[in-house]
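Comments concern the structure below.
Each chain carries a letter (A, B, C and D) given by its place in the written order, and its residues are counted from 1.
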Amino acid sequence: MIFYVACAVAAWLFLVGVYGIATSDNLVHLVLCLVVVQASTYVLLSAVGYRHGGVAPVFADVTQTQTTVDSVVQALMLTDIVVEATVVALLLAITVQIKKRTGIVDPNNVNLLRG
Amino acid sequence: MTALPALPVVIPLLMAALLVALGSHLHRRLMDLLALLTAASVAGICAYLTYKSSQGAPIVYWFGNWTPEKHFALGISFVIDPIGGGLATLVAFLICAALLFSWRYLEAVKSLYHALMLIFMAGMCGLCLTGDLFNLFVWFEVMTASGVTLCGYKSEEHGPLQGALNFAVTNTLGAYLTLTGIALIYAYAGSLNMAQVSQTLITHPPGGHLVQIGFLFLVAGFLVKAAVFPFHFWLADAHAVAPTPVCVLFSGVMVELGLYATARIYWSVFASSFHASEGALRTVLLTMGVLTAVVGALQCFTQRHLKRLLAFSTISHVGLMFIGFALLDSDALAGTAIYVIGHGLVKAALFICVGILLHRFQSVDEFELQGIGINSPWTGLLLFLGAIGLSGIPPFTNCVGESMIDESAKKMGLEWLSLVFIFAGAITSGAVLRIGARIWLGWGVRDEDAISRGSQKAHLGPETEGSHRRVPWSMWVPACALLLIALALGEIGPLRSATRTFSDQMLRTADYNALVLEVTPMPSAVRLDPGEFDSSIGKQVIALAIAVLLALLSLFPNVLGSARKSLGNLVDLALRPLKAIHTGRIGDFVAWFIFGIAAYGAILLLCTK
Amino acid sequence: MKFPLRQLLFFAGAIGMAILYALAFAHLPGPEGLRSMYRDVINLQTVEQRHITDAITAVNFDYRGFDTLGEEFILFVSVMGALVLLREEKDQGGEKVPDAAWPARSVPPGDALRVWTLWMTGPVVLFGIYIVVHGQLTPGGGFQGGVILATAPLLIYIAENLEVFKRITSHEWIEIAEAIGAGGYALIGLIAFFYSKPFLTNVIPLGPGGTNINVLSGGMVPLIDLTVGLEVAAGFVVLLYAFLQEMLVKQGDQ
Amino acid sequence: MNDAAITVLQVMTLVLVAATGAAVVFTRQPAHQMVGVSFFGLILALMFLLFQAADVALSQIVIGAVALPLMVMLALGKIRRQSIEQHKKEHSE
């Protein structure tokens, strides 16, 4: 049950974030909408890894007979978070530089390439 | 074999870290040399691995020695078969060419350039060799992050930044959808290893449309990378602004890797569970391929910015390669593999030619350069040779691939596909012939108005310093070598039979699964004969003739007389919607992305019986 | 393309995507047994096989350590990327010498704030190191600890101890540290070759196991943890510095 | 805490995640949006905790709620400064 709620939230975040990107008029806003899109994958992954009544797979205070949630999925999410940080860093760097060169932060206006 | 398969990824990563650590203390030439040596050794290792795997079964390599436990994959594996290994070899080889080319080219580069190139190479090699879904995603991200940075390397100008932005946003969105697909597949099958997932999907077929949708989401990122219509917009922008050596890699291999990953995911994971909807998938992939090929070709002919023109030609040719994959047939796949190599070599050489022009004359605008090429005739010769190569005429390697795809299309009753090949080949080749004739022969009407209108748009800052009088050997040698190999490779007798054997091997999913999960060793590949093929070169000659005709017509439109105007209007009418949708705005690209995925998904589901 | 047209395109696609999502989710999750295979194997084995109590760290740095190597290099590349993209152009020479242009803030921070933030730096560093070295025992590890460590120089910046801040974030050695962190991971992986084992095999003695598992358990995992911590900490310092630098330069001009 | 209570909490945070995510998108002012994003990051971390992912929650706090807003803040600061400079330049000309 909780799984399907999470799936619905994941789909919602993906589409809402993409809507934000599609209609964005500010590059910083666009980057933060991308963060929302990425959050969709977090929600989906954490729901996939979750087990009803499960506990975190840290066996310092848990015995191995208890139900635990999926450790593999959590490792994937850690990678996902690093990817988020790097994407944001790169895109913000590009944004700052575009602003510096052209004085524009509106992605509908940065249109210097058309051939 | 305990070390070798990991090295194509590990060596460049280590060398990149070393170059960054020592960066400011090393002489530029030493860094060039180190990077070049790294790339060359990776090329050698990949070639050896390819050879090794072609002698027997694919090489399976478990990182961390996590061999499957009770036939369950715990760790990450590289599975090196001749197709993946061959592509990795091409990657390393083109990196060599690009590094050699930048020996004198980007003279102002700092240490980071070499490190970035090496990490880019590691990402591409990892993508070719891996046998794990999430690992595929990781290397995809390595490629994207380093590709974006390389694309925006000349960040002093606004052009590169716009290109890098479009590149980053579209590819990242695609990657998130890919990750969603991975999550869906993992939620069902509970594993990430391709063979394991494939096995699970066979033994426990999921209900509903999970397989189709999971596949579509999983490959979404790679479709964006492969610049399939309507996800292709970013590619032209990125190419137009990236430094030339980087363009060589983008067009020569990176885009093709998107296709490779799609094919790999299909054949290694989904093929056996797609039986019911194979026809639907073929429809979808053919739609993608044909649309991409046609749109790319049409757009290509209208460009005057040389790099953009070549970028659109790459889009068109990727469409052709997609057609090869779309037939979902062993022979067509073999043809596609050969086509990828042939096209990669020729396109890389063409980009180097444009880079030489930029080096000597500081411009990549067709009209500005009119007649100027007389000062460097040899570059012109190379460019013409490359242009002819694009039309797919023998003895170029891509011709062999094209005829194999043709043959297998004919067997399926899809003869009309060869028309698409002629169309795309003729138009892209014609466009390059046109720029060649205008720049080196000075043909065509000189339009001062157009020069002043366009010169600002196509202006790129110099990528070089110092003398521009001569073309240094480090620039023309790679171009010559690439074209010579493209010519010679098609002549190798066993190429056809060997590639058929390899692709047949790639398609045998059950054997692959058993091999990876250590159930049984893979039976050695069945040696296949070269297969039947139509050795007449009529079609290719027609394509080349059309190309020459198109080039001449566009250079001397006056010969048409009164028909010129109406014809021009007609062409204009056809191209206007294409130009209209290519706005350069990121918001539009994103809307197209969502729409494209939904549309292809709809076709896939509706055509499923 | 006009704006409404774009919205039309988006909404048509979004409706389609929503249907695709719904159809895909309808048949998830798969048979419970399938879905839990990977988890079962790893969760049952990690303590005795790897002497690691945090199964996530075991997956991250051992079972699927190769992914994490790639991940480290994604971070490495993006730090380089931010440096490349944010660098000042050369022709405006004078502006980019940071030494001449360190900021004088309009309102100096009060002594209390200064003392407090400086006093905070120690605990933050200690906490960061704690999180790094306990990666294989409790939640946390090189990545999380590394980011915490990277915030310490910022505290020094807030306390306006600029000399120290400058020394810590001086480009050269912090970049070297980052490269050592990233390259170190790959080097640790190479050790396995001396034992004729595949890349990243955990050949180092696993250390105390069972109920005695401590920070040295896990063989190569604590080592990798340290290199990741170094790389992430240095990487984020460079990253934040790259964004901060220009601001400092501009402030100095005024 | 019993299972039912946890499930209720999980659903509540998920709804909160959906709502804050939308709020981040529909806040068109980047400066305000930044506040929203750090809040969004915290809510996500809370969700991870409730889904028994302590490691991920810790990462999410240090990245999503600290490092990421910090980068955005610095970038925004730069952009604003550049706007002021451009404005000055236009006036002096």
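Everything below uses one rule, namely that a contact is a pair of C-beta atoms (placed from the backbone, for glycine too) under 8 Å apart; a residue touches a chain by one contact, two chains touch by 3 or more.
Not measured: the values here are computed from a predicted model.
Participant: Go through B-C and C-D and name the pair with more C-beta contacts between its chains.
Facilitator: Looking at contacts between chains, B-C has the larger number.
Participant: Cα centroid separation between chain B and chain C, in whole Å?
Facilitator: 32
Participant: Approximately how many whole Å separate the CA-defined centres of chain B and chain D?
Facilitator: Inter-chain centre distance comes to 37 Å.
Participant: Centre to centre, by mean C-alpha position, how many angstrom separate chain C and chain D?
Facilitator: Once rounded, the distance between the two centres reads 18 Å.
Participant: Can you work out the whole-Å distance between the CA centroids of chain A and chain D?
Facilitator: The separation of the two C-alpha centroids amounts to 11 Å.
Participant: Give the residues of chain A touching no fewer than two other chains, as numbers and ranges.
Facilitator: Those would be 10, 14-15, 18-19, 22-23, 48-49, 56, 58, 68-69, 72, 74, 78-79, 82-83, 85-87, 89-90, 92, 94-97.
Participant: Where in chain C do residues touch at least two different other chains?
Facilitator: Each of 6-7, 10, 14, 17, 28-29, 35-36, 38-39, 42, 54, 56, 63-64, 67, 71, 74, 77-78, 81, 85-86, 139, 143, 239, 243, 246 in chain C touches at least two other chains.
Participant: Mind pulling the residue numbers of chain D that touch at least two other chains?
Facilitator: 54-55, 59, 63, 67, 71, 75, 78
Participant: Which two-chain combinations qualify as touching?
Facilitator: A-B, A-C, A-D, B-C, C-D
Participant: So in the complex, which bits of chain B are touching chain A?
Facilitator: Contact set of chain B toward chain A: 134, 138, 141, 145, 148-149, 152, 155-159, 161-165, 168-169, 172-173, 175-177, 179-180, 182-184, 186-187, 192, 237, 240-241, 303-305, 308, 457-458, 582-588, 590-591, 593-594.
Participant: So in the complex, which bits of chain A are touching chain C?
Facilitator: 3-4, 7-8, 10-11, 14-15, 18-19, 22-23, 48-49, 51, 56-60, 64, 68-72, 74-75, 78-79, 82-83, 85-87, 89-90, 92-94, 96-97
Participant: In the complex of these two chains, what residues of chain A are touching chain B?
Facilitator: 10, 14-15, 18, 21-24, 27, 30, 34, 37-38, 40-41, 44-45, 48, 72-73, 76, 79-80, 83, 86-87, 90-91, 94-95, 97-98, 101-102, 107-108, 110-115
Participant: Which part of chain C faces chain D closely enough to touch in the complex?
Facilitator: Going through chain C, the ones touching chain D are 54, 56-57, 131, 139-141, 143-144, 147-148, 150-151, 154, 236, 239-240, 243-244, 246-247, 250.
Participant: Once bound in the complex, which stretches of chain C touch chain A?
Facilitator: Of all residues in chain C, those touching chain A are 6-7, 10, 14, 17-18, 21-22, 25, 28-29, 35-36, 38-39, 42-44, 46-47, 53-56, 58-60, 63-64, 67-68, 71, 74-75, 77-79, 81-82, 85-86, 137-139, 143, 213, 239, 242-243, 246.
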